[in-house]
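The following blocks contain the structures, represented as structure tokens.
One chain, chain A, links the two complexes that follow: it is found with chain B in the first and with chain C in the second.
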Partner chain A sequence: MKNLFPILTVVAAIFALWYAGSVALNAPWAHDKAQRAGIELTTKELIADTMAQKKPKLPPPHQVGAEIWKTTGAMVAKGRAFSKRSLIYHSWITLSATLLGFALGTGFGILLSVGIVYNRTMDMSVMPWVIASQTIPILAIAPMIIVVLNAIGISGLLPKAIISMYLSFFPIVVGMVKGLRSPDHMMVDQMKTWSASKGQEFWKLRLPSSMPFLFPSLKIAMAASLVGAIVGELPTGAVAGLGARLLGGSYYGQTIQIWSALITAAVLAATLVGIIGMIQKVVLKRMGMA
Partner chain B sequence: MVWLFAGLIGWLVAWRVNVWLSSLPPSRAISLAVPTIFGLTLIFIWECLVRGFEINPVLLPAPSVIAVTFATSIPTLWADFVQTAIKGALSGYIIGCGAAFLTAVAIDRFPFLQRGLLPVGNFVAALPIIGMAPIMVMWFGFDWQSKAAVVVIMVFFPMLVNTVEGLQATNHMQRDLMRTYAANYPQTLMKLRLPAAMPFIFNGLKISTTLALIGAIVAEFFGSPIKGMGFRISTEVGRLALDMVWAEIVVAALAGSLFYGGVALLEKAVTFWHPSQRKDR
Partner chain C sequence: MGKYNKTIREVESGVSSVISAKNLSLTFQTNDGPVHALKDINLEINKGDFVSFIGPSGCGKTTFLRCMADLEQPTAGEITVNGVSAREAREARAYGYVFQHAGLYPWRTIGGNIRLPLEIMGMDRAAQDAAVKDVLDLVHLEGFENKFPWQLSGGMQQRASIARALAFHADILLMDEPFGALDEIVRDHLNEQLLDLWARTNKTIGFVTHSIPEAVYLSTKIVVMSPRPGRIADVIESPLPKERPLDIRDSPEFIEIAHRVRDGLRAGHGDD
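This part shows the complex of A and B:
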């Protein structure tokens, strides 16, 4: 908690910069408008105008906040929480793809890492490719996956989840391979003196000691998975989801809509990563590791 | 049917070879050969499956078709590469990493700012910053400047967090030693703390290479001139010319690996003293 004050200062500074930026960026349009109307703006009027434009270059935080409230809280109050205009609906579309992709990616990642740890041939042939694949901008193939899967009749949630899976899969493999190998010779020998079988060695030694490595990987994977789901929504042509809101907003110059989708995505990411952090705390505490 | 059979045989043979190779005493040649054989086998199986099942090239073109497309459209691919990787990604990468590095050195003297910025930086590094792409395209236009801007904000925070962490990597002993030498702040920074921070800085630089390419490519989905890797991918997907898309992906993979490899080589040259870089004797 001793970091609370510095963090709040930095956050306040960010907001101050944001407001200053929105005044600076929106001022030309305000001047333009005033000139056409043939009036001279005082500084006060100018700032007031930059705070309340319809399509500002950089919407100030309160406009974004109002938009988010209008499309979430106010919708709930009207009982239309899942109408197509509500951000809750779009967030849910993105969230479901993210979670499905994350679950698939984690599952496959853990399976592959077990294979790599227990099979030398797999280690030598697959692991270099796993590492090399991290240097490749995988996201570039997102549009292709969407279109190809659409062509063979798979659409909706699954294509996006596959992109998410692809992105979240690699951090898990790398982290889990490291984690499953983390018990040192001493511990493995100890298991041997107890004549533990391979299965027992895995369940009682390797898997538990990989936990501190698993959770940081899970956090990275979750963030990557959300990015995958958002980018996966772009090529389908702005139907539904946060990515679609971004694309739609950029087509029609609705900056406030873009920013509100962006902030919602940020909150979503922070919440998901935060939940994993909480599980991490509880699990590691119960295991006596934290 | 012949093709499927050939694929199966090829797979079994290659797997046997790999099992045999990996049971030999480890050496550099073997640790290169095994993944190479694995990769070639995958491509071979891909080719056999596509031919065997006569998969529609609109869904999945065979590697040979992709190779031909790649070879015949090198001028286009080169123009796209220059537009996206050099103009967009590389310039953004240099500006972003440079700015983050300078910021980190600047806030290093103020523990208050550090304690505030590190958690915020860590938080921002986990956010889907790629969503800023449409805004940057709106602000900086369709050409490479907007792509570079996206790259700058994408690489800034990972780089900042890593550099700040690196600058804290020295221990008390080492700093005390510098004090006994009566070294002033710039001397301590140049001779002790920056060299000690190099492994962290290169970690940030390496993470940023991939982010830079992703940022530049995805930003082109939101609007671009009529060249660029992201533009080509999205339009050729629309025309269902998947062989061209795959050729572009090969370019992206090559560019990413070269970029990463270049930074890794530089790291080897700069941090030769670090335990992870020393040769095993």
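This part shows the complex of A and C:
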């Protein structure tokens, strides 16, 4: 409860700025219309007009809110939650690619980090490529991944998931290499005095030590996965998914649709990262590390 | 043949050598040239001995202990533990090693930490439980089995770490400045407990320390070392009885040994 006041203050400030921005950005179009109709607008009329345009430059929060409600809650009420016009349907399309990509990226990232920590050749050779992979703009490589995979008969969910994986394995590798190397020399020596095998050293010392490093990486990877899935929907002219809603919105100047898809994506990301945060709390508490 | 002769001698004198170093040298290659951490070390440690290694920083006392534990490999000479190479002894889990810091795993309880080497060694669950209970009694930590390390004081953590080194019944206990980070009062207390534990278990103990009173109070044999290159300056067989109350430290014998240790340390510094 103590935290509620500062949070509400920030939210109120954001809304105030957003409304002010809407008025400022939408006013020229309102003036334009008034001039053509040959009427003078009072300030009150002007503001009312900026709040209710069909294709505003910056839709005010209540318009975005209404659009989101129309495409989620209202659809559910009509029993058409998974119709093609429902944001729930589009969110699910993007979410499934995000989660698959995240799982693949996490698995691949952990495997790579184990290789890097235990194999000197991999340590020297793989890391530069891992870093290089992230310097290529994802927008440049995403269409190629989709075209190449399509050529060998893979389409739909998997190409998008692979783009998600491409973005999400990186923070996992970086975090886990650091985490698996976090036990100090003394702890590794200790294992040696007990004549422990490499496997025992990994499962009983290195892996548990890496947990505080894994969770922050997972959070970044999850956000990156969502971005990857959305980007993966853009170049194909996909018909479904939040990326498709963004693209469709921008083709037809439907700014309200773009913003509602954006806000939905942000809420989705916040929820996913929040879930990881909760798992982190429980796991680290049980491990006596939080 | 030589080995046979030695056995005869051991039988005659009633003692057997547990750790034996012959002309042991260890040179680290660094960017500033070779560093002679140990040079021509010869030492016999017999069963049931409490041997302290004392000397200034850089005299190689920790390195020597690590050689016994096969955590460092000597570059010349030979070291045997229980009659076999240090490596074979380590693989046979011949010793328990206590580091300067307790090094307990924060995600394991005290019981879980003591259980760790037992799990690694493949002991069955019932035997683990019994061993954990035994050693917790031995270091007076009864009832702390389910506490996490951070819930214990530094001295208690170090006791738990000693319990962990004792849990798998190795005959040799190697301790590298185990009480170095603790305050004087806790240290006195733990020294007393360590002597008591040694008397009850009859283990052979190798103990590295900076403190002259600690070395004299605990040991049957004090090895004084000097730096650059690390070598043995003096070996003192303590005439003190095995039974040692804390106030033995005010006795003339105690003060005399302490004096000899100090002389040895000073002589080692003479060439500086």
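One rule holds in what follows: the second predicted complex is superposed on the first by the 276 of 290 C-alpha atoms of A that agree within 3 Å, B and C clash if a C-alpha of one lies under 4 Å from a C-alpha of the other, contacts with A are read in each partner's own complex, and residues count from 1 in each chain.
As a working rule, contacts are C-beta pairs under 8 Å (C-beta built on N, C-alpha and C of every residue); 3 or more make two chains touch, one makes a residue touch a chain.
Values in this document were obtained by computation on a predicted structure and should not be read as measured data.
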If we overlay the two complexes on their shared chain A, which of chain B and chain C does A:204 touch? Say first, second, both or neither.
second
Per-residue touch tally on chain A - higher for chain B or for chain C
B
Kindly classify A:249 by the partners it touches after superposition: chain B alone (first), chain C alone (second), both, or neither?
first
Using the touch definition from the top, say if A:37 reaches chain B (first), chain C (second), both or neither.
neither
Between chain B and chain C, whom does A:196 touch in the aligned arrangement: first, second, both, or neither?
second
Applying the document's definition of touch, where does A:289 land relative to chain B and chain C: first, second, both, or neither?
second
Once the structures are superposed on A, label A:121 by its partner contacts, choosing first (chain B), second (chain C), both or neither.
first
Looking at the overlay, what does A:141 touch: chain B (first), chain C (second), both, or neither?
first
Common interface residues of chain A - those touching chain B in one complex and chain C in the other
none
Chain A partner contacts - residues on chain B that touch it in the complex
15, 18-19, 21-23, 30-31, 34-35, 37-39, 58-60, 112-117, 119-120, 123, 126-128, 130-135, 137-139, 209-210, 213-214, 217-218, 221-223, 229-230, 233-234, 237-238, 240, 242, 245-246, 248-249, 252-253, 256-257, 259-261
Any idea which chain A residues touch chain B in the complex?
2-3, 5-11, 14, 25, 57, 120-121, 123-129, 132, 134-141, 143-144, 147-148, 151-152, 219-220, 223, 226-227, 230-231, 234-235, 242-243, 246-247, 249-250, 253, 255, 258-259, 261-262, 265-266, 269-270, 273
Residues of chain A that touch chain C when the two form their complex:
186-187, 189-196, 200, 204-205, 208, 211, 287-289
Which stretch or stretches of chain C touch chain A in the complex?
69-71, 90-93, 95-97, 99-101, 103, 105-109, 116-117, 119-121, 148-150, 168
